[in-house]
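Heads up, the next two complexes both have subunit A, just with different partners, subunit B and then subunit C.
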Partner chain A sequence: MTSVPLVSVFSADDSSKVTAKHIPLPAVFQTPIRPDIVSFVHTNIAKNRRQAHAVNPQAGMQHSAESWGTGRAVARIPRVSGSGTHRSGQAAFGNQCRKGRMSLPIKVWRRWHRRVNIKQKRHAAATAVAATGIVPLVLARGHRISQVPQIPLVVEDKIESYEKTTDALNFLKRFGAFEDVQKVVSTKVVRAGISKQRGKKYRVRKGPLVVYFNENAKLLKAFRNVPGVEVVNVTRLNLLQLAPGGQLGRFVIWTQSAFAHLDKLFGTYRYSSIIKDGYQLLRPLITNPDLARIINSNQVQEKVQPAKTTKVLHEVQKKNPLKNTKAMDRLNPYAKKQRVAAAAAIKANTKGTKKIKKNKALKKASRAAYNKVAASLNDATKAAVQEEQDIKVKYFSVQKGAAQTE
Partner chain B sequence: MQIDEVVWQVINRGHCSFKIKTISQNFCRNEYNVTGLCSKQSCPLANSQYATIKEEKGLCYLYVKTAERAQKPKELWEKILLSKNYEQALAQIDEQLKYWSNFMIHKNKQRLTKLRQMLIRIRKMRLKGFKELIPIKKKAERRDKIREQKALVAANLENAIEQELIDRLKNGVYNEIMNYNTKAFEKVVGQNQMEDEEEREQQELEEEEEDYSDEELIFDPNDLEEDDDEEDQDDEEDDKRLFQKQTFNQLRRDNDEVKDIKKKKPRVQLQYEEEEEVEDRKKQQIAF
Partner chain C sequence: MSQSVLWEVVKGNNAFLVKRNGLTLSTDPFNNTGVQTYSSTGFITQNAIGVVPTQSKVNQINNVNLVARKSTKFQQVDRKTKNTQSVYASTLSVKHGIHTASRVIRKRFGTRRLGLQKAALRKLVKLNRANAVRRRNEIAATKAQKK
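Take a look at the complex of A and B:
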């Protein structure tokens, strides 16, 4: 990027006031976004908080069960010794058995924690910080930031001296961050599953993350009780907080000094980090990620060869030229003219021949004869119909008369 | 512009809180989406240059987003009021989105059309009214129906009506003889006749004690029988009236003693100061 984007620092008391205009963005925010690194690092780092647990090693094995061996018409699984109870003779020990021990019972010496290369962890953190400065990513993660004046949100150091929760709340309200807090409050749900009996009763969303710098800052206590809000020192930025669930784009509120410290923390593209010894920010593979633009740019299109058209060797289905006129025309372009000429010739020929005339005459004559017969038949049928009608009329009138006389 | 590609990759491949996946299609829940579908072209997050139409209180607004304001979510969307005239609104869209991609312009016009049609429909429904569809709740319906039946049975309508009619008869609402149900009539008549016989028996026993008190207003059927010297003209009327009273008595007694069949049960002898206790009682029977 040629020009460095600029960021305003807002006054803590008044969201419309800007105390410092146009501070350059720390280089971290221009790190390439690498969700793959973040995902990998997150899954491994998330395991580091686990506490060892195990299944009771004796579970399911507290029997003197022995297999009955062959010849007893039962499966060879070890069976509980003894008698006098239902349990005797039942299968034991196997993972498939009822009351048997599980297969591969969990041991305490399971490898609970994962180590991740420092560089990878640092890259992940840097990417996560960069993602907090991209509005669409923060929105996509689900934060309600439509009323926030600026992302990344940088506020003067005054908030570090907040002691009262009311101050903290009012501050959040002023900067449009309260909507996010409200989201957290309204979506607090009792957890499904047994965990609720093990100290994790509620499932609570993540709200804004407030990042400060001075160690004596009292704002931790002020923001502690606001649901969803987390407070962290810049020097101890945690990937698990910056990208909760491995998802980039946490809504972060920076104090001015914390923001300024980022350059020292992560370094820039000009110098490596001071604090993270020898750490150099990840460089992108391509500086301009807009591939479509690149491909369609003049510089590229100039050099590019014309697009290849697919060459059709032959039809998918073979057409018979003797039957299919188009196929014939393709093979023999003159065939069309030949066909036309032949047809014309036939027509010309047939017009004047005697035979044709004779046939015509015959046709005419036969047609006439047919018509005559048809006509006479017609007349006959008509007469017959008429006769029938007369009879009917007479008959019914007679009937009527007879009825009347009666 | 620069970041759009990256954003789309992250959102599409990864997780987007606005994306809704169905078997055939992906939808976008974002309020600013023009089409409502989840695709790169219509994603309001993955396009730094974007426009939508939104409707507020019957008016259509064009919301425009440009790359310059990308970092300021509060000022991101520019809200432009569109003309109420459809064609003018289309022209406005053309003007505001000049040189934008055809896709964006076309989709915005489509959305405008759809919203306007919706508004027309809303107005029509408000004016004409519409049939509101109410779901039939099977369980509730079944329950109510059964309860109605039970209530009907519990109400004892026939008995209540009978009571009401008898009360009215007593109160003298009906002046003349009414057409009774023959069965009820005969039943009442039959019982009345029995009653008469009873009364006559009682009277024979206590003939000496008869005394006409000052309560001449009380009509005594026995009196009528003795007074045969009265005019013949009134005979029929009197007979009618007699009959009426008798039936009335019967109905009243029926009312009092529904289950008691034996009429000759001993009555409670109340101690009055006067000697003519029996007579009074008789008279009280008749008086209503």
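Take a look at the complex of A and C:
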């Protein structure tokens, strides 16, 4: 790697001011992203906070029930002894019985916790830290970072001395992290299920994680009451916080000293970790993971055979050429011309033949004759009607207007 | 980070993934097809363009914004508009300039990513048309009210 990626440290009071312009990114952020390791380690480590619980060992067994044996027309399951109550003679003890004990009752000595190899845990933590510096992963985890000035976000140590929650809130607002906090607040939901009656009433999302270094820092109390925000010392980074749910890409806010401490904590590719004894950062399996670039490179394209074209032998569905013109043309290229010629011939016939002309003339003549007769009939009827009216008016002294209606 | 690597991490589960009715869809702003696939998922690339509708004010016309994915580390301040761009995207409003927007899309995708280019242009045209219809209806409504 010739160029080392650089990062700015921002002033705590003003998000546009940069106190340290270009700090090299700690080597942890170059660790290969290994979701498989993180997923494995997370599922196991998440089990370590569980508290032992068990079913009462006597539950369902506090009877002197005995099987009645065969020959009494009942199932052979143990039955409650005695008489004088409904319960007597009822089935007992079995997991299938009502009021019976469960099958394989839970014991307190169930293996609640899992141990994971230290190296795996460290690799997982390193990967999780690396993922916090990759913008698409933080977006994919669902954090609202559109107003954040830089990812990874490194701020000067001044925030470690914040004591008031208002200072903490204003700081988050200044750095665009408040959008994430607002998301947490607006998506607080009452939990589904019985747990809500057992002290876990709300389901709250995870917001930003603030990582500090100095043990005397007071910022824990300042950020404590801000919903969704967690505060952690860089020496005690927790995979359950860096990759909640096994999902990489938590939005992390680093203080400058915490950021600087990461090289000592995880080591680099030049020296192994100073604090984690003998720990060396994971090396990538492939140095260049950009598959598209590899495939399109000259070296590969030179050797690669030309792409095979799938040769289509015939259509999947058979088309009838007598009905489907395109299918016909495929079989007989001359068919198109024949069709065109036939159509032209028909058109010529319908327009100018003698017979057709004669027919047309006849039609015209007959129509004219008909119209003539119809017209004369019309006149005759009109005249007749008029004559009738005149007679009525003249001889029967009917009013001129009234004659019409009769 | 390489798109291939990020895809392996993100394809199983991400904040934009929506699985409904047997379909695998995405609400990724840089995805113009709506379906989650390797090539259409823009937020894992360095150079995607998303066409996004925005609501400027309550009763105003919805504008359309182009959101261009970029991979610089630092937030930039646009000197002209004084708007701060985000770490992962810069926006261009296409309130009046649909031609500028389509040129931006064409230039970004060129001839190599025709599928993505067509998808972005298709969405741009559709949103713009919807805007025009909405504007027409609103104008008609205000006219009717005046009467």
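Simple rule for what comes next: the second predicted complex is superposed on the first by the 300 of 406 C-alpha atoms of A that agree within 3 Å, B and C clash if a C-alpha of one lies under 4 Å from a C-alpha of the other, contacts with A are read in each partner's own complex, and residues count from 1 in each chain.
Keep in mind that, in the parts below, a contact is a pair of C-beta atoms (placed from the backbone, for glycine too) under 8 Å apart; a residue touches a chain by one contact, two chains touch by 3 or more.
Here the structure is a predicted model, which means the values were calculated and not measured.
Participant: Mind checking the superposed model to see whether subunit B and subunit C fit together on subunit A or clash?
Facilitator: Result for subunit B and subunit C: clash.
Participant: Check the residue A:L291 against both partner chains and state whether it touches subunit B (first), subunit C (second), both, or neither.
Facilitator: Both: A:L291 reaches subunit B and subunit C.
Participant: Given the touch rule stated above, what does A:N214 touch, subunit B (first), subunit C (second), both, or neither?
Facilitator: neither
Participant: Which of the two partners, first being subunit B and second being subunit C, lies in contact with A:Q247: first, second, both, or neither?
Facilitator: Touch status of A:Q247: both partners.
Participant: Go through the superposed model and pick first if A:V148 touches only subunit B, second if only subunit C, both, or neither.
Facilitator: In the superposition, A:V148 touches subunit B and subunit C alike.
Participant: Determine, under the contact definition given at the top, whether A:L139 touches first (subunit B), second (subunit C), both, or neither.
Facilitator: Both: A:L139 reaches subunit B and subunit C.
Participant: Quick check on my understanding: which residues of subunit A belong to both its subunit B contact set and its subunit C contact set?
Facilitator: The answer is residues 5, 7, 33, 35, 131, 134-137, 139-142, 145-151, 247-248, 289-293 of subunit A.
Participant: Any idea which subunit C residues touch subunit A in the complex?
Facilitator: Going through subunit C, the ones touching subunit A are 1-6, 8-10, 13-16, 43-44, 71, 73-75, 77, 84, 86-89.
Participant: Can you list the residues on subunit B that touch subunit A in the complex?
Facilitator: Going through subunit B, the ones touching subunit A are 1-7, 9-11, 13-18, 45-46, 70-76.
Participant: Using the touch definition up top, name the residues of subunit A that touch subunit C in the complex.
Facilitator: Those in contact with subunit C are residues 5-8, 16, 33, 35, 131, 134-137, 139-142, 145-151, 247-248, 289-293.
Participant: Using the touch definition from the top, list the residues of subunit A that touch subunit B in their complex.
Facilitator: By the definition above, subunit A touches subunit B via 1, 5, 7, 32-33, 35, 131, 133-137, 139-142, 145-151, 176, 247-248, 288-293.
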